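Consider the two complexes below, in which chain A is the common component and chain B and chain C are the respective partners.
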Partner chain A sequence: MVLLGISVLVFVLLHAISSSPGRAVLGVQASAASVAAFNHAHGYDRPLPLQYLSYLGSLLHGDLGYSYKLNQPVTALLGENAGRSAFLSAVSLVLSVVIAVPLGILQAVKRNTVIDNSLTGLAFVLYSIPAFFLGLVLIEFFSLRLNLLPSEASQATTVLGVVADPVSMILPVVTLTAVSVAAFSRYMRSSALDNLAQDYIRVARAKGLTERQVLSRHLLRNSCLPIITLVGLSLPALLAGNLIVETVFNFPGLGLLFFNSLQKEDYPVLMAYSLIVGVLTVLGNLVADVALAFTDPRIRLH
Partner chain B sequence: MKRSHGLITAVVATAAAGLLAACSGSTAPKPQVAADGAGFGTLPAQSGTPKPGGVVRVAESPGAGPNYIFPVTPAANGSVYNSYQFQNLMFRPLYGNAIGVDPKIDLAQSLAALPTYSDGNKTVTIKLNDTYTWSDGKKVDAADVVFFIDVLKAAVKENAANFGNYTPGYFPDSVASVSTPDSQTVVLKLTKAFNPEFFLQNQLSLITPMPSTVWNVASTGGAHLDFTQPKNAKAIYDYLAKQAGQVATYATNPLWQTVDGPWRLTAYNANTSGLTMKPNEKYTGPQKAQIAELQEVAFTSESAQFSQLRSGQLEVGAVPFTDLAQAPTLQQKGYAVYGYPSFGFNYVVFNFHDSTGHFDKIIAQSYVRQALAHLQDEPGLIKGVFRTAAVPSYGPVPAVPKTEFTPADASTNPYPYSIDAASKLLSSHGWKVVPGGQTTCTSPGTGANQCGAGIPAGTPLTWNIYYGNQPAVIEQQVTALISAAKQVGITIDSSSKTFNYLIQNFSVPSAPSNNDKWAMMDFGGFSVSNYPTTNQIFNTTGSYNEGGYSNAQADKLIQASVFGSDRNAVATEASFLSKDVPAIFQPNVDSVYAWSGKLSGPPGSFSALSQYRLNPEYWYFKQ
Partner chain C sequence: MSYPLEIENLRTQIRLRHSVVQAVSDLSLHIEAGETLGLVGESGCGKSMTGLSIMGLLPPGGSIVGGSVRVDGRELVGLPEPELQRVRGNEVAMVFQDSMTSLNPTRTIGYQVAEPVRRHLGAGKAEARERALEVLGLVGLPRPAERLDDYPHQLSGGLRQRVLIAMALACGPKVLIADEPTTAMDVTIQSQILHLLDDLKKRLGMAVLLITHDMGVVAGRADRVHVMYAGQLVERAGTTELFDAMAHPYTQGLLASIPQLDQPPASTLYSIPGIPPDLADPPRGCRFAARCPYADARCETEPTLAVTGPARAGAEHEVACWHPVEGPLPRLAAPTPAPSATPTPGPTATARPATEPAPGPATGPQEDERAELVAVTGLVREFPVRSGLFGRSGLSVKAVSDVSFTVRRGETFGLVGESGCGKSTIGRMVVALDRPDRGAVALRGEDLATLGGRPLRRRRRDLQLMFQDPYASLDPRVRVGATLREPLEIQGIGSRREQDRRIRELLAEVGLPGSAVDRYPHEFSGGQRQRIGLARALALSPALIVADEPVSALDVSIRSQVLNLMKRLQATHELSYVVISHDLAVVKYLADRIGVMYLGRLVEVGPAAEIYAAPAHHYTAGLIDSIPVPDPRAERSKPRDGVRGELPSPVHPPSGCRFRTRCPAAQAICAEELPPLRPFGPGHAAACHFPLREPEPDRPAAPVATLATPVTPVTPAGRTTEQTADPSTPDSRRTP
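The block that comes next holds the complex of A and B.
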């Protein structure tokens, strides 16, 4: 039902924006006859409910439509871009979690010390820098001035090709990771601080466990709950691409595909993309709920 | 269509410009102006001894990579990038443009001699050169021209949107019959007489001969069909269009390997539109390729492209407008930098059908339009907004690039910037001008010194303007105009919209229900054909006469440009329009490119980049 609602909402909103898709797609110099013929051929001159039912019918048959501007089936476009986008986002997400979790715990344990304050300052700086600006700065220094790293991401068309060219992915991954680490580490610090004040930590220490055991066996697992939720909510972004990094590092992906399609009012692509993001959002929440239940037995009991 | 940049692109580009300027550690160098004052930078002379071979990497325009290989290109895919930078490299047009910035046909680049007209311009005879051959060795002949026409007719009959340059009543509808007296001659009988120059420059130039003995099939490996039969022509079109829809097979489908141009496609990336071409060894045209490989490299943004250019990973690329201050840096790295305005015009549209506040009656007065034209400070805009990388333009045919159809008075502004002149025009026609306040009509009536028909006493000069939110120069120009207007008591409220929103909602011919919602609009402008008539743009029944301008004299002149016999009628048309002010014409910005100093060739083969034309067969690496 949620997905059906999403499809209706997206369909209505997109059609409300554009009064004549034919004119948007064909351009200002298209003759009235061409615009009318285009709208007729693609059913845009039919009542909106009929257009929607037709769209839904195609969807149920696995047909996401055809991009008139890009001259390709939408499924092919999504297929070409999804793997690479997912790879970039997944690598940066894993790195973010791997870095942010211990960082957050370290800050909590060392709260209000120089280490904590320095890392907090750094996190705020990274969090407040727009990703595109950070990307441009990295390109300027590491590519153009120091000539250490390429200024564009891998141009390989497959995930394996991208994996085989790790050097070219360093700057894009660093750009994405830096911002995420800043956010995740703040959540982790806050959660760890809450848990450090809990009785079970005190009991663990009273049992004679070492500080390392207290942190790794008790604090870590309980403090990770908000991170699990965040990672689950990141699932749509994971596959839907990252527009800014794709734009700056010449790494065509789903985010850029959506943005360009929005500008060109390429309806089939927009509809498919919006639907996929909707599905991923629902799926992400589900995954997060399951993971939370697995991590914290108290949630299962409730 | 000119100028369609994305928000993200602009944000990134602007940030990049700021960042690079900040990082340069010194004041940004000033752009250079070409000696003729019409271009940006300098155009190097041809130099060096050609060294055969080498790979040239050319940047594609971000988000506009070629994606349609079949010359009968649908309107949805019609673009200069598909035609000039992709198809024409493999499939030569019947009449090709000169190498350089001049918008004119060059017979050296054409597959036929100039057409001859007879029967009161209703019969056109085209003699093909016998020098061009397809890569399979067959001569390019009359049947290949007829094949294009027959397939095109089938395409537009099926759906008017199947050909980007199609307007009902014009080509190919205008061709009543085609015959081929001999293998190298095509005779077209037209439904009515057309202006010979219009028909050559704007209609025959749409023809791209296609290999009629190879592509005349309706299925892979199927029988070769008689394409002169409409049923067969339709089946052939459907098959070829379907093949053209399979972009992943562009480089491997044998169909597209039969070419008559200097290049053949060897690789195509369906995901990015990046592509690789190699020389057509069988090419028989005027210039064989000298380099070993041409790579058209796709980019996601101007910023990403410019970074690659700066890092030396491209031989040829555009210099984004926001990065023009970096031109000297590129030159220091060994790049040549040059720009020139593309052929076309930018304008602010008046809505002659907006009755809100009697705007339709106000704008119908030619003295009001003249006053508004006086408020357009082109020299100031070129210096302040365009940082000198633009040229003035006072009508639908700009003074540069110069053509044989450029009006003699194209470089003379009929209404130069003058607040005083604008103020006097209004006050001498019954308006009480209140600088900085609100000017109102105090003398209604139709007399020579009165406001004009339908304008009641007390009517204020106040209306709205909508403008495109990209590129930023549109907003800057509109802001300058509003500011100047306020100095004569004209109040203009402005709002920005996306390009698509503007063209869908603010157009008298296609969105008449919104006529009372807008008074002025600035969406950008038009690229124009070699024979730059404003047919469809400023004639009363024009299909993209966005503001609904209507003038009997203009209609008559446009009619003469299209259907008359005076080959230079279009100059008269343009001259009249620049004086009648159907819109406020704006400066034309330079399209600036940079190319490696290791690369050389005829200067025109590089300056043509500013006109979106790619002629890499003329390029070579210097020894």
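The block that comes next holds the complex of A and C.
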């Protein structure tokens, strides 16, 4: 249902922006007649609902349209780039969770100490820096001044090729991770603080458990529950983050594709991208709910 | 010989940002094996801090700055943390107050109970599980083997508390600290848990430190009692000795401020004036002096614990007071001993002579011709249970099933029952915040359900609510003046100036200074906030106030102040109250008539005095038996039955009589037929097949004015398994 809604919305929005794809494809110099002919040939002069239905029909067959600018089917374009984007997102997502969870707990346990305050300060700085700026600063330092790391991400065409060139991926991953670590660790800290104040933590201590046991057995899982939802919800945001990072580091992923298409007004690609973000949002929610049901016994799937 | 627990001159401090709180000052005590020591006092007196000091689990900033804590002769103060961890949960264990939050919601109870066994006894997983099974059986968890893998949310409050106790017992500790183990529980479950603790202590030979604010709880369970005030011990004695011959004015006040079952309803409750001192800056000399009616110049030097009274052999009774009193305040004495003790000067209801016999509210039911104010007839409310993707499961929680009663003008009707029996749901329907599925609530003969919009809003002037939680029921960002003005504004009463006058009047009436207008709720104590809540309810001069657990969240001494205020306001304003509470003593003190609810049904209704003196329903009798009485002899001689088991699910209530699953007298017929309400005296009716008293044979089912619905006639077949309220039942009282 939600997905259907998304497809309608995306379709209508893009048609409001560009009702005559023929003009966009053939250029300003093309005659009105040839534009009309193009639109007619591709069915763009039919009533909107009909156009939508045929769009939906092909969508169901895995056909996302055809990019006249790049002269390729959109599905193929996306397929080419999706793997690389997914790799970048996945690596940074895993890294952010792995870093943010212990960091948040550490901050909660050492609440209001120098450690907590400085980490909080750092998190706020990272959180407020725009990703592109952070990327540029990193490039300036690590590639231009110190010449340690390449300023451009791997240009390999396959995911395996990217994996084979980890050094070039350090800067993009760091940029993307830094921002989400900052956000996740803030949530983790407050969630851990809430849980630390709970009676069952005191009970666990009263059992004579060591502090480490109290934290790992009773605090960790319960504090992670809100993070699970957050991670699920941040899936599309991560993709948007990709857009900036991929542009800054010239990494041929979905984000860069979108950016380029935006400049070229390549609507079928833009539509497909928007649709994917929508699908990811729904998917992220679903994944988060399912994961929560597994980790929190109070929530049961019926 | 060393005691299992021995504390000497313990001093505990809590360092806050700007001050240091002297939480415990020079406290000494010891407990023998197999003995229960009751530690009593109001909140903030340092009793919980004592428990936490023993465990070495003080909150951040807290530390033991002096004295010693020895367990079996071994000094715990100064022990390094790893050593302490080996003692905790092993030799000394603690049961905390709130069973809802004291269990980790994401771990099975089997895991949580097995945890200390694995930690301290070095047991493997299977072995620890075995032990968990054993202790869960020991604490009376039904079918423990099936429940090991349950999560806490799948258990009821009473069962969770049993799990917590099992957790504490898992390693066979020498000392068990129980910190308010039954506070906020239903009396029935409270009595079960206390009984269990008692039984376990005897069987396992533990030393038990029972920390509580409830004099009734220590009366029945403790061998000796220590009374704490402002971080210090003020009195200690054997339980019977203490209750018979208490010597400290504070102990005396503490006991006298509890409404007791044999309290004449017309008497004013004693209340200790003022509030406990700030322990960041404790007063010099006797810390109680500021609230003590006997204080004089001598009290500026600090009294020490000293043997008092006739030093009887074996009775070590010590008190820290320069002017020890002799024994409890006379029970039925209504006037407070010192005039300064009355918190609210002014038109306090002049108390009746002490000789007046207890039974019978101010006006007996027979002579009661007061006009009927609210009539509740055949009230039914069910909440659908949602489940799965598509919502409706067809099941419903039967919150209220066919309940009828009336409230007359100036009368207090008490609703009692365990939590989940539908009391609060009825309260909401009476003030028209919720609509009944069937049946009607009529205010002066006018059915509230037929009203809507403007007429209903006007009616609301007459119906007001007073809430349980004085913290949550006031908007923290709204000044008190604005809170009190709001109802006047909504109802468009008076000009701004008139409203101001009304607000000052209200504040004066509930005993708050006029300056309160510009202050925020957080600047007031719990008792004061409850007064603000009462002032808000009074703002529109209502005819009826529904008070849902009005004093449950308050300390004993504050509680009596609020109860006295409620009584006084009722007398001056001809108010009617519906008092909803699980605390039967409070209801008994306030109410003229009482309705006892069980699982959505009214099982007994009648004059308060008569219900307590001679209940007809087994549930009522069990409830009354479960109330801890602050009298050691009475409490110990009580049959330890109370009410067995737990409340069944309101989604699938038992057939026939809903109480039959827990009833000692249940027989086959109870499962088949719903017992009708039968008369047991004027205005007294109960629904039981095998009542404790003989019903009145041939009288019509009580005067209609007292008992709202006539007893539902049993169908010819005699098989009314589920009475359904017929909304079309002609109601004689509604016709003008």
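Heads up, the rule we're going with is that the second predicted complex is superposed on the first by the 288 of 302 C-alpha atoms of A that agree within 3 Å, B and C clash if a C-alpha of one lies under 4 Å from a C-alpha of the other, contacts with A are read in each partner's own complex, and residues count from 1 in each chain.
To be clear about the criterion, a contact is a pair of C-beta atoms (placed from the backbone, for glycine too) under 8 Å apart; a residue touches a chain by one contact, two chains touch by 3 or more.
The structure presented is a predicted model; accordingly, all values stated were derived computationally and were not measured.
Once the complexes are laid over each other on chain A, chain B and chain C both fit without any clash.
In the superposed three-chain model, the partner touching more residues of chain A is B, compared with the other of chain B and chain C. In the superposed pair of complexes, A:Asp289 makes contact with neither chain B nor chain C. In the superposition on chain A, A:Arg221 makes contact with chain C only, not with chain B. Using the contact criterion defined above for the overlaid structures, shared-chain residue A:Glu140 touches chain B, although it does not reach chain C.
Vertex at the C-alpha centre of chain A, arms toward the centres of chain B and chain C: the angle is 150 degrees, rounded to a multiple of 10. By the touch criterion defined above, A:Asp63 lies against neither chain B nor chain C after alignment on the C-alpha atoms of chain A. In the superposed pair of complexes, A:Asp165 makes contact with neither chain B nor chain C. Residue contacts after overlaying the shared chain place A:Asn71 against chain B, while chain C stays out of touching range. The overlay of the two complexes leaves chain B and chain C separated by a minimum Cα distance of 43 Å.
Overlap of the chain B and chain C interfaces on chain A comprises no residues. Listing the residues of chain B that touch chain A in their complex gives 1, 4, 6, 8-9, 11-12, 15-16, 19-20, 23, 63, 67-68, 74-78, 159-161, 164, 166-168, 244-245, 247-248, 269-272, 274, 298-301, 303-305, 307-308, 310-311, 313, 498, 500-501, 503-505, 507, 509-511, 523, 526, 536, 543-544, 546.
Chain A contributes residues 198-200, 202-210, 213, 217-218, 221-222, 225, 295-298, 302 to its touches with chain C in the complex. Within the complex, the chain A residues that touch chain B are 17-20, 22-38, 41, 66, 68-72, 76, 80-81, 130, 132-133, 136-137, 139-140, 143-144, 147, 150-152, 155, 157, 243-244, 246-252, 256, 259-260, 263-265. Looking at the complex, you find that chain C touches chain A at residues 55, 57, 82, 85-90, 93-94, 96, 98, 101-108, 115-116, 119-120, 151, 153, 164, 167-168, 387-389.
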